[in-house]
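Here the chain labels run A, B, C, D, E and F in written order, and each chain numbers its own residues starting at 1.
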Amino acid sequence: MTQIMQFISDNLLLIYLLIFTVILGFEVISKVPTVLHTPLMSGANAISGVIIIGAIILIRRSAPDDIFSLALGTVAIALGMINVVGGFAVTDRMLEMFKKKKKS
Amino acid sequence: MTQIMQFISDNLLLIYLLIFTVILGFEVISKVPTVLHTPLMSGANAISGVIIIGAIILIRRSAPDDIFSLALGTVAIALGMINVVGGFAVTDRMLEMFKKKKKS
Amino acid sequence: MIIQNTLVDIAYLIGAVSFVWGLRLLGSPDTARKGNTYAAFGMGLGILAVLLDPRIDGGGNYAWIGGGMVVGSLIGWLSAKKIQMTAMPQMVSIFNGLGGACAAILSIVELTTQDLDTGGMAISLFALLIGAIAFTGSMLAYLKLDGKLKDSQVTWPKHSIINQVLLLITIGFFIYLIVVGHTTGLLIGFLVLSLFYGWSFVAPIGGADMPVVISLLNSFTGISAAAAGLIYGSNFMLVGGILVGASGTILTVLMCQAMNRSLFNVLIGGFAASGGAAGADGDQVAKSTNAIDSAILLNYSSSVMFVPGYGLAVAQAQKALKELDDLLESNGVDVKYAIHPVAGRMPGHMNVLLAEADVPYPKLLDLDEANAAIPSTDVVVIVGANDVVNPAAIDDPSSSIYGMPVLNVWEAKHVIVMKRSMSTGYAGIQNQLFFHERTKMFFGDAKDSIQKLTAEVKNL
Amino acid sequence: MIIQNTLVDIAYLIGAVSFVWGLRLLGSPDTARKGNTYAAFGMGLGILAVLLDPRIDGGGNYAWIGGGMVVGSLIGWLSAKKIQMTAMPQMVSIFNGLGGACAAILSIVELTTQDLDTGGMAISLFALLIGAIAFTGSMLAYLKLDGKLKDSQVTWPKHSIINQVLLLITIGFFIYLIVVGHTTGLLIGFLVLSLFYGWSFVAPIGGADMPVVISLLNSFTGISAAAAGLIYGSNFMLVGGILVGASGTILTVLMCQAMNRSLFNVLIGGFAASGGAAGADGDQVAKSTNAIDSAILLNYSSSVMFVPGYGLAVAQAQKALKELDDLLESNGVDVKYAIHPVAGRMPGHMNVLLAEADVPYPKLLDLDEANAAIPSTDVVVIVGANDVVNPAAIDDPSSSIYGMPVLNVWEAKHVIVMKRSMSTGYAGIQNQLFFHERTKMFFGDAKDSIQKLTAEVKNL
Amino acid sequence: MIIGFLKEGTTDIAPIVPKNQSKLKAICEEIWIESGIAKGAFYADDTFAEAAIKSRADIISTADVIVQITPDITDEEYGQAKASAIFICQYAPFNDENIVKGLSANGVNAFSLDMIPRTSLAQSMDVLSSMASVAGYKAVLSALTMLPRYAPMMITAAGSIKPSKVLVIGAGVAGLQAIATARRNGAVVEAFDTRAAVREEVQSLGAKFVEVEGAKDDKDAGGYAVEQSDEYKQRQAALIQEKSKAADIVITTAQLRGRPAPKLVTEDTVNNMKPGSVIVDLAASTGGNCALSQNDKVIQHNGVTIIGDSNLPNKMPQDASTLYSNNILNFLKHIVKEGSIDLNSDDEILSKSLISKKA
Amino acid sequence: MIIGFLKEGTTDIAPIVPKNQSKLKAICEEIWIESGIAKGAFYADDTFAEAAIKSRADIISTADVIVQITPDITDEEYGQAKASAIFICQYAPFNDENIVKGLSANGVNAFSLDMIPRTSLAQSMDVLSSMASVAGYKAVLSALTMLPRYAPMMITAAGSIKPSKVLVIGAGVAGLQAIATARRNGAVVEAFDTRAAVREEVQSLGAKFVEVEGAKDDKDAGGYAVEQSDEYKQRQAALIQEKSKAADIVITTAQLRGRPAPKLVTEDTVNNMKPGSVIVDLAASTGGNCALSQNDKVIQHNGVTIIGDSNLPNKMPQDASTLYSNNILNFLKHIVKEGSIDLNSDDEILSKSLISKKA
């Protein structure tokens, strides 16, 4: 218990940031028209590809002979990159239909 | 320069929090009807009375014989409290007109 | 101890989230009141937390604290309760000024009693500066708003140049103090300068722009509170202050937009621009209104009377009007139409139009019925009529329409006049109704205006 | 070095803000595309930053990184480009699964190669669990959505009980690993269990609910990325992950609401509830739509044809319809009305109604004109008509209306049918149009539906 | 195939209008018309370029199909026609069963357009519908022309005028059209009918439906009204009297197929109406819904004008002719298959409207 | 003060209706009426409980104010009246300057209601406005009754009917009301006037304004139209011909005060119109806007019906009487101050309408 309490007190700023980010995430989405659900999901999915950052860190800090880490890390990078690039590209395609007509 | 840079790197989490809070502040207000401008201003003003927290800290940590700090601090508390209590009360009065009628 | 620490931290956290949530709810008419309560709750929690925080060591001095709090609460509560509705903006201004003063005092104490590093000193000085400006600025804004001081009494020639010079001096002083360090004397000088700048900053701004200024000063107070939060290491103050600073700034911009002006214009333009009220006749000024405010007025009233005139026909707004009618009725507002016998350009013109829009006959009142109903009507909305609601027919024997029966709309609680400009109607005579104290002008094509109004009512 | 550090930190910060801003813009049709670009920009900035961050020490190994990135980018780009519009949700599901897999792999490496404290271990295990679930769950969702697997092929009897037991076991295992510590074997076991649970979790959920599931799994991936952010001490990952986690959760709830179901219902209800499509005739199911989707469809099309029928008269929706017409016209949509000779209940019934709403005569097409125009019409909106758009008149010799000329609305690109239920019209016969692939049903009173639609078009 | 069109003395409605000539040509070889066939509808003979102008005798003796509005053909003339000749008219066989007997006895092949079933499919051939619609429209205009008052509400400098009240009794095709037309003109409209299904239809036109409780079920009457119980009739009479008193215009369209029209507006009711009010009785030809109405006459009774007219379409001959001629065209298009008519077809429309066939 | 109301042979409009009796009583001692004064408006004598029924001779010789619709009083009768007696009629002095001369010669105190200025204030007494409004309304109904076609568009199973086109020439009070009524009935309406201010008014009723370039400025004509140049008239004639050809109904209301009505619809134009079309000429009494129209007659020309009628309010006598009687009441209320009329007042309404005063 005290441990958890201590953790909270130690990472207070982080917790503030977390909570505020969550509120921001809610706030920003809360009034979205139904048709945008899928593109939004797709865009959010692409963002969730930030995991790639972790993969890059992993490889960068691995020893050049740590083949295990390097191989797995590279696979992870490839997977993450598919998520990122594919995700944004597919979202963009979905959103093509919303190109605004000029009002006459 | 380096000092500032160092400061940024040191307080990164704080800066994240600041920026996210600013965004949240913008986001939360951005679509407010004109009639709510005054009540909103009033409510925000009441919140700005958080400065009272500082005044309380000031007094609490002052030595009981540090009359200068205590006197000024007490004035500060009183002023801040007027801001807080008066602010919320006045806002509430302004908002009385928005009591929702039951739709018939 | 650690548990109590954490509980206090959590209380702060909840308080901060309450601020965010409260502000959010304050942004919509339906939830605004709840939002205010949330924010107040957050504040209460924060105060409780700081009173109980075991990490603050020192004398305690709860008597002082209690004394200050009781006095402040009482004054705040009483003044908020007995102030009149119309004087509330002034009150807010005073409150805000006091908040600023509080920040300034704290900074002074901090600067004089604590041993600060450069950063801490810079922040304290900043809080002092901003707090002091907020204090005197708000006070002047109050005096102006309350009519205690006229614009002309507080401006000097070339005021805006003076202000710019003052600003430069203040900034210079600020930097000097940070770099070179401060003495008590210098501090007092800086305080006085800041106070003076706050006053001088607000002085040339027109009385009508005071709400914008108050909002701006409010965000200043918020920023100074945030700065104080940094000094005291309180995330709660920091977050609360920043929130107010950010939303206050946005709000200021929105208020300027609602007045069709830029913030720059307000701050620099001084009086010159502030005379730009919508329509003026000699020294009479007609008040204008907009869709959102009218929407709230209509939606929260219990009886509304439309007075259609020739402008309704020109704008072909009859169907839009009926739609607004339906909407209001569905929100529980009682809606009637007052048909003046000569409204329009042919006998029965209004009847033809309203029949086209399918307004049921029982909703149409003729002159006598309408005049009987007007005194108990909350809002009369005049849609492109002019001569038929001209009080000159009753009180100006020299008028060409003197003696003609008209709709005595000015007897209603509120009057909204929809037309495109201040120009005259068929009879070519000015209409004093537009300058009546209960009248607000809603300029624009009638159909347009009604549609905007409808959209806003739907948004409520 | 410190400068470079700070620049990297600022890049991360800007990246994080871009995520927030991008998500915000993604929420409105007009700005969605820009939002996606912003988010992509933020990601690019983050990747750049991590590649340049001088604080990461180790082998560098840029070849490995480059290889992985090139391969991943190519695959991602190509598959996004050649996928068909209709298959995009599946694609998103795969992408999401890969993101989850990535998180799981990182966690494994972390757990096996690093020496972690309890907290770090807990977080890594959590990321592993969530990532693995997202991976297999998404893959199954893809297979189901793509029709590669039928619901019945992957469910076992009492599946939901099995799932609950599985969940308990998984949690137990998770706690055990944290408390007791892990070996490689145990880790592999945990991985397999997690993967299996992800699959089993999605298995009993009906195919029609897959989009909701994908959204949920997406927020899982986000959370696992955030957890990884904690492991690697990256605020950027943390913020990005949390944003996705939060908005993904809200989005999931919104999607459920749009389907008039609760999330609980979707997750636990399995197939049983998923059959609740709007109207069904035997094994035919009519697709239903709603105001927002119809609004976008209408607003972004270039020609719309209304087909009024007796239901328009019953709902007295003619004026509401005209208002929608006006609105669409003002947005550049070409609007026509197709009047079937026997629509309504008396000769000229529709004419009377539309004249009342002041629809100009040239907008009214008679049967022949309308049938000529329909194939080039983007959307046909049928407002309370039934018999007059019944294809049985053309292709079902046994029908009592066989031989009557009808409006061949099914030749248009999209058909929206507004009526209250699936019930029949005057002639009392079923209408195959409602089950046509291009038809969507918009249930409700016609006036109501139209007004909702209008409100949504205004919001666009 | 030759299709011949006969003129008729009693109506201005024409069975053929110029714009339908070419469409008819698509299903027959020749069109024969009498001179002046569409004069009443403002079409001169020279507008019929694709038709041949023939004498009545020629047409009767030579044409394969002979079309007229109402039967104005003697038994002798039937005898002069070809044995296979087919006559198309409105015979109104439900009013007089001897008509069919007579035709059959003469061995005439006759279609009666008023026997076409009232289904969605047949509506394009349904002359009862199209003419009733014209009648309902014209009834309101006739009434408004006679009415000494404004129809719409008028709030003017010279005083406020209340809107007129219109009571429509019988909301079939004619009644509904009357409701729509009266509402257009700004009158306040109430309508009354025994058929329950009509309520929604009346309301869909923005009028008020006046209900008498306890009407008989009419689901199986094919859209026609059924006779009601005596008690119901009493309640109905009371209600009509009450509503008529307040009304400025009463339009009655209630018919019972094959029976005299119900007397819904009694003399007493008329006496209680406001002077200057107007009654239009579209059922006048079958005895009238109003006790005082006289067929084809406009009479005054205690200041109330009573228009008894079952043939109002005749007052709007051009458009009525267009509609009627379209109905006939659609009917012919339906029954003529590859240039001939199969009288033994079991097509519902054909078999129901074929009232007499040469044995 | 005794106010007497005289009956008149030529109109059914009554100068007094029962509901105005008590209001009149507020400004005078007695109301005297002739028997049958409002019979044409469907009010029997016994509905005038507050008035006394007197003979014409009694009224003329005794009443202080004598009211009639149009002057149907002989010089001899004027002689029998009291010296202070005041006559109120529509004398139409602008049509014949001898009228005023005659009255003055006879020493008659006479108000002419058609001389009331057309200001906002006077509108409640303005009989020209109220009657023009009735005329415009009735003109459309008359035309629609005669028209062999539907007014509104009808898409029916028996074919699609195009909406009728109505051309209104002269968009004054009558013209505007005609526009509104025609639009209500579903017709497509175009209107034409020389006064530029009318454009917006026409459009405000949803009709299309047809413009001829180069009209003369009429700002100072007090709401009345001015004579136009010859070139303008030619362009106008061409346009009217073109529009009339397409029109089903033409309603003309163009008047020039004190001068014969402009001939806007020529014989040639009529010949070019569609058979069955209808012209209503509200200016018939001042010579007609249509070359062929005959006052108070309905004639046929080449299949076109021409209704020449300047007295259409007579066809709607009850409401027209209500309005007219209100106008008179309002006028009396305006000029009677404390029981008497000051003929020397400089009130604009009084002085402008007082056309003859005993020297």
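Everything below uses one rule, namely that a contact is a pair of C-beta atoms (placed from the backbone, for glycine too) under 8 Å apart; a residue touches a chain by one contact, two chains touch by 3 or more.
These numbers come from a predicted model, not from an experiment.
Colleague: Under the touch criterion given at the top, what is the topological distance in steps from subunit B to subunit D?
Modeller: 1
Colleague: Under the document's definition of touching, what chains do subunit D and subunit F have as common neighbours?
Modeller: C, E
Colleague: Of the chain pairs A-C and B-C, which one is connected by the greater count of C-beta contacts?
Modeller: B-C
Colleague: Based on CA centres, what chain would you say lies at the far end from subunit C?
Modeller: It is E whose centre lies farthest from that of subunit C.
Colleague: Go ahead and note the Å separation of the Cα centroids belonging to subunit A and subunit F.
Modeller: 80
Colleague: Can you work out the whole-Å distance between the CA centroids of subunit C and subunit E?
Modeller: 68
Colleague: Averaged over CA atoms, how far is the centre of subunit C from the centre of subunit D? Could you give it in whole Å?
Modeller: Result: the chain centres lie 41 Å from each other.
Colleague: For subunit A and subunit E, let me know how many angstrom lie between their CA-based centres, rounded off.
Modeller: 74
Colleague: Residues of subunit D touching 2+ other chains?
Modeller: As it turns out, subunit D has residues touching two or more other chains at 20, 24, 235, 239, 341-342, 347-348, 352, 355-356, 358.
Colleague: Scan subunit E for residues touching two or more other chains and write them down.
Modeller: 123-124, 129-130, 133, 152, 154, 156-159, 161, 184, 186, 206
Colleague: Residues of subunit B touching 2+ other chains?
Modeller: In subunit B, residues 13, 16-17, 20-21, 23-24, 27-28 touch at least two other chains, as defined above.
Colleague: For this structure, enumerate the chain pairs that meet the touch criterion.
Modeller: Result of the pairwise touch check is A-B, A-C, A-D, B-C, B-D, C-D, C-E, C-F, D-E, D-F, E-F.
Colleague: Which residues, counting only subunit A, touch subunit D once they are in their complex?
Modeller: 7, 14, 17-18, 21-26, 28-64, 66, 68-70, 72-104
Colleague: Can you tell me which positions in subunit E touch subunit C when the two form their complex?
Modeller: Spelled out, the residues of subunit E in touch with subunit C are 152-161, 163, 186, 188, 206.
Colleague: Write out the stretch or stretches of subunit D touching subunit A in their complex.
Modeller: Subunit D residues touching subunit A: 19-20, 22-24, 26-30, 32-33, 35-37, 39-40, 42-43, 46-47, 50-51, 56-61, 64-65, 67-69, 71-73, 75-77, 79-81, 83, 85, 88-89, 91-92, 95-96, 98-99, 101-103, 105-106, 108-110, 112-113, 119, 131, 211, 214-215, 218-219, 221-222, 224-225, 228-229, 231-232, 234-248, 250-251, 254-255, 258, 290, 292-293, 295-296, 300, 302, 330-332, 456, 459-460.
Colleague: Can you list the subunit D residues touching subunit F in their complex?
Modeller: Answer in residue numbers: 339-342, 347-348, 350-352, 355, 358, 361, 364, 366-367.
Colleague: Of all residues in subunit C, which touch subunit A in the complex?
Modeller: 2-3, 5-6, 9-10, 13, 16-17, 20, 24, 235, 239
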